[in-house]
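Some structures to go through are shown next.
What follows is chain A paired twice: with chain B in the first complex and chain C in the second.
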Partner chain A sequence: MSEDIQAGLAEILEEVAGVAPADATPEKSFTEDLDVDSLSMVEIATAVEDKFGVAIPDDELGNIKTVGDAMSYIQKNQG
Partner chain B sequence: MSIRLPAGAPGARVLGLGGYRPRRRVTNDELAQVMETNDEWIQSRVGIAERRWASDDETLVEMSVAAGGKALAASGLSPDEVDLVILASASLTEPIPGIGPQVAYRLGIPRPGAFDLNAGCAGFCYALESASAAIRAGSARNVLVVGVERLTDVVDKTDRSTAVIFADGAGAAVVGASEEPGIGPVAWGSDGDQFSAIEIAAGTGTMTMAGQAVYRWATTRLTDTLLLAMESAGVDPKDIDVFAPHQANLRIVESMTKRLGFGEDVVVARDVVQSGNTSAASIPLALTALMESGEAKSGDLALVLGYGAGLTFAGQVLTLP
Partner chain C sequence: MSTSDRDVVVTGLGATTPLGGDVASTWDALLAGRSGVSRITDEWVREFPAQLVARLAADPAEQIDRVRARRLDRSQQVAVIAAEEAWAESGAGDAGYDSERIAVVFGTGIGGALTLLGQDDILEAKGPKRVSPFTIPMLMPNGPAAAVGLAVGARGGVHAPVSACASGAEAIRWGLDLLRFDRADVVLVGGAEACVHPLPMAGFAAMRAMSTRNDEPERASRPFDKGRDGFVLGEGAAALVLERAGSARARGVHVHARLAGAGATADGYDLVAPHPEGEGAARAIGAALRDAGLSPADIGHVNAHATSTPVGDTAEAGAIHSAVGEHALVSATKSQTGHLLGAAGALESVFTILALRDQVVPATANLDDPDDDAAVQALDIVRHEPRKATFTAAVNDSFGFGGHNLALVFTTA
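What follows is the complex of A and B.
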């Protein structure tokens, strides 16, 4: 399950921000390690919403700092 | 006793466009001297290379008169043929009196209906629909529409989240009657639940923007509006020659272009690169630039969309003059 989420996230990260899939590991910070800017975070959020069927409101988006944060958010909120 | 109404015109179209860009060009390198930013940071996030900042003498009225005069000249009309002036702006720091009447007076337009309109960055498209509707209803023959901003009066010039983006300028259009409609039905609306996404909070005098929220809204919620503007005008997306959305951020322009499936054959306005975000002035400025460069030509079918503070949005299809 969490492998599927990680792989799906990696796909989105590669498409939106050009992050190599091997770099999309749970401990990585989007902004610090992966050089994802705030608007790309929005694009990642909307892509995650479409792919995983979860809603990420703007105020929740600010709490998602790492790939692992995103993975657990998806896991927790997936129907 | 019944009330009589005028006949009105079958359609309205844009007869002439004009713009005014402030003299002072501000590069990203200049901004990097006063705030924590650099050219690469700005270009990658908002796609802006430079913008124009108005000097003291380039007031809202002066810039409006300059742009309006050019649009009038381009339309071939004389001032006395204009009977309505609609001035769209979100940056009147002293809103009494509205400046529409003064701009009309300065242009020699004799005693027209004149008013200011604030629909944020969507102001130009709201004003265009108001002009078109007035002509079709018979309450005006020819209308001068102006979008004008001095956003540098309301941004903190050291705040990199707004100062790199917002700028100054004016754009104008003269709209007149036509047998064949040259302005399609408006697709407009508002999302007032997000009223605070772009605001000058009470007592601050300084504009703030929730960049992520606005970016998400613009890239996900407005595609349907664009499709509706084309559909209600009976125009297929493949018939569009020019796409000129509000010049807020190059990444939003590119995202909308991609979502609409516009290819290389559609001329896309990217004036934000040179002008920054000039709010209600951005669409007429962008169209003027495309026509001056020859990228867009008379008779081309353009899709325009304004969107911004409110949050408000309005889009339509129009034939370029």
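What follows is the complex of A and C.
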């Protein structure tokens, strides 16, 4: 389950920000390690909603700092 | 001609156009007489009166990194491609220039129209939450300038003149001024346009400005010819690196030409129609000559704006005739490239510089039967084949809806 989510996120990160799939590991910070800027985070949130059916409200998006944070949010809110 | 240290010279050229993905392939194709015009085959064009377009010869997606490209409107992509070619050729990036003394001036006529219209489709179909967070930076008319500025690390100022089809030429004039006022040590200037989309096509067609010679794409753009019936929309970008002759000499870089002078005027006549005798255009050419300290007799070649519209070409012929005279060899290169709108002035400046370098004047394609207009008849418009010539100074003029007139004078260095 969490592997599927990690793989799905890695696909999104590669498409939106050119992050190599091998680099999309749970401990990585989006801004500091993966060079993902705030506008790209908005795109990632939209892509997450498309792929996983999980909407991330703006106030939650600010709390998602790492790939692992995004994985737990998706896992917790997936219906 | 001899240059003083404070003269402004051109040390780099870049372009991506309907004739080629860089300067060399574009120039070769121009001299070989090739056309960049084709007929659109997409379904949407069926009801359109004007179905012709001059598409880029090289897909920007193949010249630019994918992730970078998806954040740039097509007009920004072509700007960056042309600018990086010019910048690399000049070697200015490795010349030790302080980034606070590097400036960019890049114009566009329409801006990020493809993004604006594409995101509007998404808004209509899927709602506001699906609109891209990159919509605004991709559609803003300063977007090409900003993208170029980032690409070369320019921190001395990034400017975006907007004067319709004169924007590219206006950018070059601003660059000249920045160097003359000592506001920068090197300026990357140019123009970009990429707006091949049903809406601009319908808008220009509604003005009756576009050629409807749909069955003969390569013969449709025919400046100064009796049978001309409008322009062909083109896409692309061109860029030049400007710096002072003294710094170019000090770092031993090759100098293509000197940007000797510029002139800008407004018609004050009509929002769209040019002054019928080209009064404002002639004043712009006269101002550029005075700025360059040259007389009309010094000018050996004019790269005309000549878009192939019935009214514009004769007005311009009148302007060239009154401001330069009958001796200069005239070329209308839009006959092969189509009309690149905000990039036109920059691309045609590149052509003007290469004509000076190679001492060859490009031909005006499709000029089979010159207009009966007295000025068209009197001018020496090169047609059928490029012509070898000996000359040291040339003019490129550009005009834009809104009554903007620009003229630039280039000389051998």
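As a convention for this text, the second predicted complex is superposed on the first by the 79 of 79 C-alpha atoms of A that agree within 3 Å, B and C clash if a C-alpha of one lies under 4 Å from a C-alpha of the other, contacts with A are read in each partner's own complex, and residues count from 1 in each chain.
The rule is short, and it goes like this: a contact is a pair of C-beta atoms (placed from the backbone, for glycine too) under 8 Å apart; a residue touches a chain by one contact, two chains touch by 3 or more.
These numbers were taken from a predicted model, which means no experiment stands behind them.
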Contacts of A:Ala17 with chain B and chain C, given as first, second, both or neither: second
Touched partner set for A:Val54, first chain B, second chain C, both or neither: neither
Which of chain B and chain C A:Thr46 touches, first, second, both or neither: both
Common ground on chain A, meaning residues reached by chain C in one complex and by chain B in the other: 39, 42-43, 46
Touching residues on chain A, where the partner in the complex is chain B: 37-39, 41-43, 45-46, 58, 61
In the complex, chain C residues that touch chain A: 65-67, 70, 129-130, 132-134
Residues of chain B touching chain A in the complex: 44-45, 210-213, 215-216, 219-220, 249, 251, 255
Chain C-touching residues of chain A, taken from the complex the two chains share: 16-18, 39-40, 42-43, 46
